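One chain, chain A, appears in both complexes that follow, with chain B as partner in the first and chain C in the second.
Let's look at the complex of A and B:
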């Protein structure tokens, strides 16, 4: 599974309201509306580049994972990471630089 | 001020927050598209750093707009300061950037055309491509 990275928290300005997170990404100047578990994934990824399975383990430390579907957590997180990558909030490591070269 | 009893616990003994992961197919991200260029003239004051300092500090730009090590043959030293939207607009029509020759200007434009969502300057360049009323 691919390893993802995220910009430092200082690159993001976010406001939480009624279960949604309004997030302004400073480098791109674009605003996004996020629903759980996307904001939590960004926070967990800020601890360092990680693949979906590693992120699932990190989130399980800080959160009580719902739905009782622990075995599928990595698959759900992988789907969310793909979504976040599509809008430029995360990138496949070793970094966005790879996208420039590609 | 909330009563002391409402203050959530913290530290190692804190209750873990519950997190519903939901289904893999359930989308959780909506992007609010910028609609700048058609409405605000001041968008022409935006800038595009070449290269994005997060990606290529110290890197040079080759003729295809890719980042390469400084001094690489056939590459160009990046501009000293971010490129201005107005200069990019002129360069899109074939002009050179101030202080840059033809080849250098084309390399800068090649880099700018490769900008992707999430990279510094992407929104600025995107706004330049929008049809203007």
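Let's look at the complex of A and C:
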């Protein structure tokens, strides 16, 4: 499982409305509209690089996401991480996991 | 340039130069009563030039040039020189303005509060703002709303209203003949005639207004109102802005502030009378 990292929280401005999040990513200047659990994943990942299983454990503690079914939660989070990586909000951490970003 | 004209519209100074006298003479008439640029210095320059030197005389056609240009823009016949100048001024604003978030929207004011109307070309926002401007509202602009990122206010940009096709007769029935510019037939958008804003719109062009309501009008269906959430409104306004991306963080802050602070609705209307009634009712019920 790849390990992902995220820019520090100061790199993002976010505004919540109607259960969604408008997020401005300062390094890229791109605005995103995010649905849960994407904002929660970014927040949890800010605690340090993590693979989907580790993130699922962090989110289970902080948001009760995936509570009781760790494998499913990890799969969902892995899929969301893939999407967040595709739009440039997270990246595979080089030299930590099995893959190298780039 | 051989012929030139300078004018200030709200906070923006323009200088229009032309190889021919006719477009400049038309602009002087249309912009009579507008002030000159502050300190005589224009923010943007537009030039109307022949595509080739001999085209100044032979089948004259005006190419719009300036600080910002579109590479594949087509020239317009000299008879449409006034339109070419107006298009050039729009282009400079759309591509060059950095002090405000530019929203492709018409805007009117009452009691210091602004009503913004955004929509696609042909949705009727120009006509609605022009009509409201004759019926107790102050016209802030029919083309661009200038949202100030620092304060959140809308700065007036009261250009002459560009009336198209059916809207020309609607407004000709509403205002004195000397408020209308020359009819420009056969343009890429059909017939065009400019409407000089009412006197108070010019006299108060330095008085901003606080946004109070956002409407997305659509002409041609039976009257209907659909409240819009902040996210949908935000996305539509990023599409309606010409400079959201270049403003970066300031644009994000300005636009999220606007959509969170102001109610937004999509409205359908069958005719202009119904639209005016709808706008007045929604304003009385909703604007805060």
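The rule is short, and it goes like this: the second predicted complex is superposed on the first by the 89 of 102 C-alpha atoms of A that agree within 3 Å, B and C clash if a C-alpha of one lies under 4 Å from a C-alpha of the other, contacts with A are read in each partner's own complex, and residues count from 1 in each chain.
Everything below uses one rule, namely that contacts are C-beta pairs under 8 Å (C-beta built on N, C-alpha and C of every residue); 3 or more make two chains touch, one makes a residue touch a chain.
Predicted model, so just to flag it, every value in this text is computed and none were measured.
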Which superposed partner A:73 touches (first chain B, second chain C, both, neither): first
Which superposed partner A:17 touches (first chain B, second chain C, both, neither): second
Chain C versus chain B, contacts on chain A by residue: B
Common interface positions of chain A, toward chain B and toward chain C: 29, 31, 33
Of chain A, residues touching chain B in the complex: 7, 25, 27-38, 40, 59, 62-67, 69, 72-73, 75-80, 83-84, 86-89, 91, 95-97, 99-101
In the complex with chain A, residue positions of chain C that touch it: 229-231, 234-235, 238, 245, 248-249, 252-253, 256, 259-260
Residues of chain B touching chain A in the complex: 16-25, 27-34, 51-52, 54-56, 66-67, 114, 116-120, 122-124
Interface residues, chain A side, partner chain C - complex: 13, 15, 17-18, 20, 22, 24, 26, 29, 31, 33
